[in-house]
Amino acid sequence: MAATERDASASGGETATASVVGASGFAGGELLRLLAGHPGFEVAQATSREHANRTVGSVHPNLRSLDLRFADPGDLDAVDVLFAAAPHGVAMEYIEEWRDLTDTVVDLSADFRLDSESQYDEWYDGHSAPDHLDDAVYALPELSRGDLAGADLIASGGCNATATILGLLPLHEAGLLEGAQVVVDVKVGSSEGGAGGGPASSHPERSGVVRPYAPTGHRHEAEIEQALGLSVSFTAHAVDMVRGASATCHIFPAETPSKGDLWAAFRETYGDEPFVETVAGGSGTYRYPEPKVVAGTNDAEIGFEVDPENGRVVTFAAIDNVVKGSAGQAVHAANLALGYEETAGLDQFGLHPVGSP
Amino acid sequence: MAATERDASASGGETATASVVGASGFAGGELLRLLAGHPGFEVAQATSREHANRTVGSVHPNLRSLDLRFADPGDLDAVDVLFAAAPHGVAMEYIEEWRDLTDTVVDLSADFRLDSESQYDEWYDGHSAPDHLDDAVYALPELSRGDLAGADLIASGGCNATATILGLLPLHEAGLLEGAQVVVDVKVGSSEGGAGGGPASSHPERSGVVRPYAPTGHRHEAEIEQALGLSVSFTAHAVDMVRGASATCHIFPAETPSKGDLWAAFRETYGDEPFVETVAGGSGTYRYPEPKVVAGTNDAEIGFEVDPENGRVVTFAAIDNVVKGSAGQAVHAANLALGYEETAGLDQFGLHPVGSP
Amino acid sequence: MAATERDASASGGETATASVVGASGFAGGELLRLLAGHPGFEVAQATSREHANRTVGSVHPNLRSLDLRFADPGDLDAVDVLFAAAPHGVAMEYIEEWRDLTDTVVDLSADFRLDSESQYDEWYDGHSAPDHLDDAVYALPELSRGDLAGADLIASGGCNATATILGLLPLHEAGLLEGAQVVVDVKVGSSEGGAGGGPASSHPERSGVVRPYAPTGHRHEAEIEQALGLSVSFTAHAVDMVRGASATCHIFPAETPSKGDLWAAFRETYGDEPFVETVAGGSGTYRYPEPKVVAGTNDAEIGFEVDPENGRVVTFAAIDNVVKGSAGQAVHAANLALGYEETAGLDQFGLHPVGSP
Amino acid sequence: MAATERDASASGGETATASVVGASGFAGGELLRLLAGHPGFEVAQATSREHANRTVGSVHPNLRSLDLRFADPGDLDAVDVLFAAAPHGVAMEYIEEWRDLTDTVVDLSADFRLDSESQYDEWYDGHSAPDHLDDAVYALPELSRGDLAGADLIASGGCNATATILGLLPLHEAGLLEGAQVVVDVKVGSSEGGAGGGPASSHPERSGVVRPYAPTGHRHEAEIEQALGLSVSFTAHAVDMVRGASATCHIFPAETPSKGDLWAAFRETYGDEPFVETVAGGSGTYRYPEPKVVAGTNDAEIGFEVDPENGRVVTFAAIDNVVKGSAGQAVHAANLALGYEETAGLDQFGLHPVGSP
Amino acid sequence: MTACTECGADVVLPDDLEVGEIVDCDTCGTELEVIETAPPSLDRAPELAEDWGE
Amino acid sequence: MTACTECGADVVLPDDLEVGEIVDCDTCGTELEVIETAPPSLDRAPELAEDWGE
């Protein structure tokens, strides 16, 4: 197949070079897909230790038309933007080296998401490069757009945290979360586990599940708390899909808002957001957010319903965990950091009908 | 295939005749399957208006070995036990006729689950045969075993209500629900919608979903409240499986119990229950309740976890909606009503591995 | 969400107006998706009788960002290109009207695929507008690219026929099909049935199937025979996916070719094709064509293997039935008819990982 | 849950002891499930090296009610029947030891399926215990019922071979395969790969596939050829289900039989078979054999269609690969070897509706 | 241009609408019935509740 | 630039390859082992057969 030609107009004509660490993984593969279709980037290197020298298409069959082979992460060259999609702990180990090679590191792991070393002590096993924490900007643009221009260390958010924060943000901004009890019940697909799954993620064991995998104490609680100043009761379930994270938030505010109040709050927060669609009731089959609608895209669907009997607001948020929840969010943040058009390279439509992407 | 022969020892040798109204439906088909393998029942008639005179196997391919044809519901003969699995509203219309034909009606619909006419006014569109409400016994044997012996009108519980009640019962009995905030987040399969689904339940639209279908105000709240004296905040999601209901209950009790307290409470409530297994942690792939493990069986898996940070208890309940959530529960109740061995006809094992039953 | 802006450079700057008949269906929805992202088209009208006046997004949730409402097919205006994706029989009924409104009709149904009225008598229930058959060009560009420039009535191929023809074409061109016995065993997703499925396509009945749905005598045999001059033994099975058609052809040629011969034949036929990738062995997980790799794209994967023991060649072809097998093929053909760049609007990448799209 | 009590009447009252080697695997787990519900067997030991001393329920969650822990295969005691479900090569290594411990070995691997050492040289990597080949009886009772009484080394058939042989047997017995060209196109679930799958069988990679995994040269061709005296052109595809094997056979006989001829042939071969159902056309949704209908059971559905245009007969065969294709077939054969009632322990019904078991 | 009764957004109406026809709000998706045409006025259309068995 | 032993296509090799390393042909995907580097020569790498149980 002929390589796809795209013009660079969305980025004002300039083209930056980009490399991807962890390019044989799920999030890394999505970075390659999005960058290949992005008018403002040219991929320089894509790393994999295991698959070094093999074609990118040997791992990601959707990218067979790319003329690119994996490089060893030890052979990285200087580049305009370095995207890193390695497991937790790798970025903090190599951050010095990487920042020597590039002006802009966009890290998809949890390594630079929290503000302080003490949070890493509490939620993770500490941090080995805490000096860089101050430089890092949390990527979720709906939350931190203002800080992203010119950022040189960007920490892309966690997928479950992204869905949850987007589902709560309009209530947060409207002051409805103050003192509220919040339960977050999340349903996620198998790609969240990354390419290197264990026995529990084999097809016979993982198919058809509604499996509580993080009943309590999920680490993304830390990110959510940092973003919204609020402790949430979080539980995640694995369900039978590959892509997708769906967060249902059950909120008990001091006073129950009306549907009109909520429409106003959502319009206020998301009215101008290019990647957020409010879906709250209506007619037809798709009345509330559903992850399969946004699979493959950088879009988030967010919705709500009011339960006056129980003094409850329910919000629904649906994203593709490997796009809006990681690689797409990272590219979106890089667009903002470099001053590109915000939606450059991220204008894919989802599919309908579609099964279980 | 030769018809399967089974002896009637589990029922002390006697055999009752049974007919099934609504036998071409999903719950009705399961009644036929369970009764065909039950030593204490012989199926007399199975009704369907649409498929009258056709073989049962033409609708339920798993029952091709049964030598039985559908009858019209207008041609019902007298019988020992009449099981009814028609949509809401049908049983209240025909209850007089049915009780003339049999001593024991087991109804799987919602028509006789609630205690009083006023509840039907509040949650449904009223009731046309309220005189029979007093005679009805709610079937869930873990809740009402004592009332089932000799019952002549049995109201089998709703599937989501069954899962939720089973997940909350030990806490209820241990006094942990008093004044507690309770959120119930349910995930259900497509067989809950019955055989006559609309456009939203076609395969292309219904595959791969995490679809909020009853964000608030679900009618099963009434059953749960009646059973436990407690209003719960209930939300249901359709997920990609055919069989199965999974209820995650998030409970904020006045005081947070320890895991030991909870193990004691669960042992107290379920220690002798033949169809309830407590699954709460442990090792391996299947650490908490999962609907696919119990698909095709009358078993319920119930589990829990404590979230001390948030003062929360999470319980998980998994059942097969068309067995423990309807047809199996109905047969279980009939066993108790007739004085049969409680597990007669209900001793199937689930499958492992299994995909998305 | 802000409407997506795209420039028209791929089409040399000009923009044609296009309307879609049958736009609420599966193929029609895909036409809208592809045209919305196509630099050379602007959608004028999208018809649906049932959903007239409603937003396109109320049926196709992936297209909520389009500012477009369904129109009644009776209200069609003049337009540069009219795409029709209605059921078999509709196009032959309205073809006169449509050709009065536009210079270029691209019909996705079977109504103009066969060359002669007698074929419609044999395989269908005759034809009501046979005068137009001579004008029609069969769309599959890999077969008929030369005839498409300037075509004014284009008949887009059937999805199963497309997969089969693409799997056999290199052997046909290499003379390997002469006198060969050919078995075609096809596996298809549920979107092939269109949006208006019956009971057999409800989620509970259609999930998890390997269901022979056209054991013999499939109408696409006619198209294949017309294209390749060869009668094939065709059998189709429904499998559990929404998108995708996979054709496995078992060919017994007079003389068994070597793998090298086949590589030469495939390179000859597909070396320059922008939408065909040869995938035949190799390493990794994806060694042969798989429909999920090409879901959402206009790409076809074609592969082969030799079975010297049995004197057999096996070819594999995988496409997305609603893209390469219908809407994408139609747009590809329209690009050729209008002199646009061949790949305009059709450069989407597939996804990896992806579940069951 | 209380352990299930069953009486031993089906076996004339006697109870044999049985042990299972490879009990932590998929086929081994099914042996445990079937033996636990079998009135004529009591399970003595279940081996696993990896899980030794753990409960059987820690691996097979459906068997939590069994009071049984895994033993090391080195600690096997003497027993009436030894079932072995270890990977290819293990049985030939331990066959001497095993035959010292028991009178009846039932091996589910390929190690004793073929008649002669030379076949193992051709299709496998030779054989290390060829002296035992003469003692072995191939298990498929529809083929070899007569030889199974008193057999002391039973080789249970391969799952794909079982499906294929059952689909061809009536034609074979009717003489219709003589000189016929036969293509076998098989679709299989992920449990065929066993519990220890690699990267290609992870949920994200294995979901939604139609993946050619054995395009040519599959080892089961040897079993089929041995059983029917006929070389077949065999291709297998992985599809998205866990349990199930479906074999579509395309046969070109010297003379095309009528449907009546075929019904007669199928009735002749399978009329009295307790586990084979002929499903060939008819009405409703399930017209031909489908694996999901027989999932969890020892039943095979076999059907056919005639294609007079192409001089072809198509047969369809659907089984559950881990039951009729392995564990159930093994128990069936053991029933015959021990003189038990043939269907003892194997009378489960399948499920309807059911998703993708 | 009329306000949606559910979410308050402006609904752009096709000009040939007749009383009794249904349009959906393109912001919140609610089905709206045309009550009057000049000036246009809308009300929430009676909803078909999805009926799940259970 | 060397010819693939399986499909005959040209394989562009990274320049720092060593003997024994594996590359895949970007046309047919076959895994090729580097036999010599100057001039480069390739051979089909020993394959790990996928082992399905059955």
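Each chain carries a letter (A, B, C, D, E and F) given by its place in the written order, and its residues are counted from 1.
Simple rule for what comes next: contacts are C-beta pairs under 8 Å (C-beta built on N, C-alpha and C of every residue); 3 or more make two chains touch, one makes a residue touch a chain.
Computed from a predicted structure; not experimentally measured.
Each step here moves to a touching chain, and the least such steps from chain C to chain F number 1. When every chain is reduced to the mean of its CA atoms, the largest separation from chain C belongs to B.
Chain centres computed from CA atoms place E at the largest separation from chain F.
Between the Cα centres of chain A and chain F there is a gap of 36 Å. Once the centre of each chain is set as its mean CA position, chain B and chain C turn out to be 45 Å apart. Averaged C-alpha coordinates put the centre of chain B at 39 Å from the centre of chain E.
Taken residue by residue, chain F touches two or more other chains at 24, 29, whereas all remaining positions touch fewer.
Multi-chain contact residues of chain A (touching two or more other chains): 26, 54, 58, 190-191, 195, 199, 204, 207-208, 241-242, 279, 282-287, 290, 353-357. Remark: chain C residues 181, 183, 185, 187, 199-200, 204-205, 207-212, 215-217, 231-233, 235, 237, 239-241, 244, 246, 248, 250, 252, 285-292, 303, 305-307, 309-310, 312, 314, 316, 318, 353-357 touch chain D in the complex. By the touch criterion stated above, chain A contacts chain D in their complex at residues 26, 190-191, 195, 197, 199, 201-204, 206-208, 242, 355-356. Those residues of chain F that touch chain C in the shared complex are 6-9, 24-25, 27-31, 47. Contact residues on chain F toward chain A in their complex (touch as defined above): 14, 17, 21-24, 26, 29. Those residues of chain C whose C-beta lies close enough to touch chain F in the complex are 259-260, 263-264, 267, 278-284, 287.
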